[in-house]
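In the two assemblies presented below, subunit A is common to both, partnered first by subunit B and then by subunit C.
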Partner chain A sequence: MQWNGEFLAFFLLSVMAIGGAVFMIHFTRVVHMVLALAFTFLSIAGIYVLLHAEFVAAVQVLIYTGAVSILMLFGIMLTKHRTSDHSDSRSRHQLLSFVGVAAFFGVIMWVIYHTPFSGGKAETAKYTVANLGEWVFKQYVIPFELTSVLLLAALVGAVILAKKERDA
Partner chain B sequence: MRCTDIYIHPSLLGQGLMVRISFDGVTGMEYWANYSMTAIFFLLGLALPAAAFTVGRWLRPHHPSAAKIITYESGVDPFGDSRVQFHVRYYLFALLFVIFDVETVFLYPWAVAYDTLRQDVGLFVLVEMLIFVLFLFIGLIYAWKKKVLEWK
Partner chain C sequence: MEKVLLDYDWTVMAPEIIIAAAAALLSLADLFLRENTDRRFFSWFSLAAVIAAIFFTVSRFGQQPYEILGDTYRVDDFALAFKTAVLSGVGLVFLLSAWGVRQEEIRFRGEYDYLLLAAALGAMIMTSSADLITLFVGLELLSISSYILAGIHRERYASNEAAWKYVVQGGVASAFILYGMSFVYGLTGSTNLYTIQQRLVEAYQTGYDAFVLLSLFLMLLGFGFKIASAPFHMWVPDVYQGAPTPVTSFLAVVSKTAAFALVLRIVLVGYIFLYQMQIWQQVVEPVLLVLAGLSMVIGNTAALHQTDTKRLLAYSSVAHAGYLLVPLSTLGAVLFESTFYYLIAYLVMTMGAFTVAALLEREAGHGNISGFAGLSRRSPGTAAAMTVFLLSLAGIPVTAGFFGKFYILMNALSTQHFWIAGIMVGTTVISYYYYFGIIRQMYFRPPASKDRMRVPMVPALLLVIGILGTVGLGVVPEWAVHWIGDLQWMSALTPLNAGPPGP
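Moving on to the complex of A and B:
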């Protein structure tokens, strides 16, 4: 393990991402939970930068930290979010939750240790936005156009669901 | 980790500052140098409000009374709660915003690679994006016809 600036940045960003997630579970008010989740999203964007995936990092900030967090906030504002948590109902499931989490941890660790990570670091110059654009609009035109159909379906579905909610 | 030297490259002073940081003799980390600048701005952004509020606390007088600590609401005594329940139409706008935000993300690599793509595939690159935008435009017209965009 090399102790350099990159490792320090990775360490800090990981602590921030995990810390945000832990706080999200720990907070009792839903709005605070969304803020903690947005903090985790931002830290993950920093980790993408460390992996030289700058476009993905920008998208992470634009879509997740921006749009999805705002969407969650609006969703919360629609509901009556005054109800505090009931810790008594949680304690019953504690053992069950612990078993589930431990099993999940075991599976994830097993997969990580048994996955052959081929190749070292990605080359810095290879994954620029310009190269990404050339790939998407030359080799992957059909998936790109299908994405627009997917987005259209999502839009129509969102309108139908939300309209039903509003008219009810 | 020991930060050995931080200096500002003199030749880049005109185009904007570039700080080059070398860690333990590892130099030439141009890529990270740009992000160390970002990190410095991030830290400054965090430090500025913290410093402003701390200094403000030292300077201002602090004599609270019952009348003073009431929430200010333009001279009227506040009533009700500050957290209100939003109408569902806000949620519809937020949903539409997310979808068009995703669409915008695809425009960035297309715009950056436009010149090289036009040399390779000609005007088809424009048609590709027009088809993409047209599908989303159909969605916008659908939302319009369904009276989602009306505000009353």
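Moving on to the complex of A and C:
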């Protein structure tokens, strides 16, 4: 492990991503949660840039950091509800969740350190946006079309479940 | 030469195209109709579309397997058989909806039908693809449509709760599946299952064995949720109880069948090499058998003290997921045949049971088991039909459920798995208690009201179909077994062309 700019950037971005996630769980006000979440999304976009996946990074910023976060903020501001979340702390439940998550974390970490990926680097130059587009519309056109049905179903569902009744 | 979609014979996708077109047509028709027009004919239209799709699916049996665009779409006998089962289930659900879903109660009657069609489309794709991306999109299409359908009865609190629990837990399950798939992609660099099949072996032998097993277990975690097996069954009782009854029957019958098709295909195509390396027997099989055993024990014991019919059937569905997991874990000679036979048997008997549950729910206004009291005097036919379905669910001889269980048991015994067979028999005996509890209510309890219960045409038709299926499959199982045995199940495990098609 050598200390260069890339490692420093990775270190900072990971700390920001994890920190944002931890704060998101810890905050009690919903608006703060969304901001912490946006912070995580942005840091993840930075990690994508480090991996030479600039297109994915741009999409991440546009959709997650931009659209999703803003939409959540709008949702919070336009709906009536308690702005802070007072969860009654059930300590036994929390302990169980903690044990479960810690065990899962342990297993994943053990696997990752047990068999480290060898050093070979993949050629990233051929994964251009143009190629990506060609793959999506040629090879993967069937799942692509299905995704459009999926989005339509999700849209209809969102309208059904959120629509305000006229006579309710 | 790179091929595009139109270079292929895309008419093999006729069933999917019909369902998608029907959903699109209905969504447009819904826009142009007046708000208070009765939309019940939507269900009949959808039923017609489903029957057309079944026709095109069945007419392909016996032909060579075919794939489109690197197995992102694939028809083989495995796909055709499961697709026929899924479509038959969807057809019966539409029949039940045509009678049981009223516009006065569920105001989004039009949306209900085309969301059900969208869910059916997702289920069909899950049965006939060998590419992780397509399979996952199909799974999500089914799941998201199901979340909405569970919550479509907005005025009922239970329906809201069902949708909420389902979407949260379903989202977590999908995340686990996706996480496992991402490890698979990382190890193999491909989403095509047959390329994965080859490269996972290499990865396993070159020191990435822990990652291979991690990817499998992460996916199994999510799959356990989707097929409703214990210990991932927490959502099942609440969602089954809260969702409108036709939707519940859809979740029990169609979602389970499609999820089993997905699990069988991914696990068997991707990881079957573990069996030849003896790893399956040491690691994977015990885990799957524990899941199966837990599902049987938890499902059957928790069902003992349920007072709500749909909740009881939900726990029974968990138990049945356990029985169905046995062939997958032990493998064996009739793995596909016994799983598929049990799924069809489960389809007919569960649809019948839910039809009776829906009838009584409408009649009594609640879903409590006490609604069954004295049914034999109020409507002897319905009581007799329910008895047949319950006997079949319990696995009493000369019913479909008995032969299905027998088939699975034989497969387990022939592969020397005696303890799981023991658990299966033991929990089956436990299940008699609560199934017979309903029969006792119907025949030995006084009815709440003396007047006869009228059974309308459509549910009566469903009951007849259910009885014909349950008794028919039980009395002459050899017809179905012959037909199932003649299918080329193994064609699902091998690629069509020698070379895998690109990354």
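Quick note on the criterion: the second predicted complex is superposed on the first by the 134 of 168 C-alpha atoms of A that agree within 3 Å, B and C clash if a C-alpha of one lies under 4 Å from a C-alpha of the other, contacts with A are read in each partner's own complex, and residues count from 1 in each chain.
The working rule: a residue touches a chain if its C-beta (ideal position, glycine included) is under 8 Å from a C-beta of that chain, and two chains touch if they have at least 3 such contacts.
What you are looking at is a predicted structure, and each value in this text was computed from that prediction instead of being measured.
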Considering only touches as defined above, state whether A:His114 meets subunit B (first), subunit C (second), both or neither. second
Please indicate which partner A:Ile18 is in contact with in the superposed arrangement: first for subunit B, second for subunit C, both, or neither. neither
First (subunit B), second (subunit C), both or neither touched by A:Val149: both
Pick one for A:Met77: touches subunit B only (first), subunit C only (second), both, or neither. first
Could you look at A:Phe55 and tell me whether it touches subunit B, subunit C, both or neither (first, second, both, neither)? first
Return first, second, both or neither, reflecting whether A:Val101 touches subunit B, subunit C, both chains, or no partner chain. neither
Which partner, once the models are overlaid, touches more of subunit A's residues, subunit C or subunit B? B
Touch test for A:Tyr140: subunit B only (first), subunit C only (second), both, or neither? second
On subunit A, what residues does subunit B touch that subunit C touches as well? 138, 141, 147, 149, 152, 154, 156, 165
Subunit C residues touching subunit A - in the complex, by the definition given at the top: 2, 4-5, 20, 23, 27, 68-70, 72-73, 108, 111, 114-115, 118-119, 121-122, 125, 129, 131, 133-134, 137-138, 140-141, 144-145, 147-148, 151-152, 154, 163, 207-211, 214, 502
Residues of subunit B touching subunit A in their complex? 1, 21, 23-24, 26, 29, 31-32, 35-36, 39, 83-92, 94-99, 101-106, 108-114, 116-117, 120-121, 125, 128, 131-132, 135-136, 138-139, 142-143, 146, 148
Using the touch definition from the top, list the residues of subunit A that touch subunit C in their complex. 107-108, 110-111, 114-115, 138-143, 146-147, 149-150, 152-154, 156-157, 160-161, 165
Can you list the subunit A residues touching subunit B in their complex? 3-6, 8-9, 49, 52, 55, 58-59, 62-63, 66-68, 70-71, 74-75, 77-82, 124, 129-134, 136-138, 141, 144-145, 147-149, 151-152, 154-156, 158-159, 162-163, 165-166
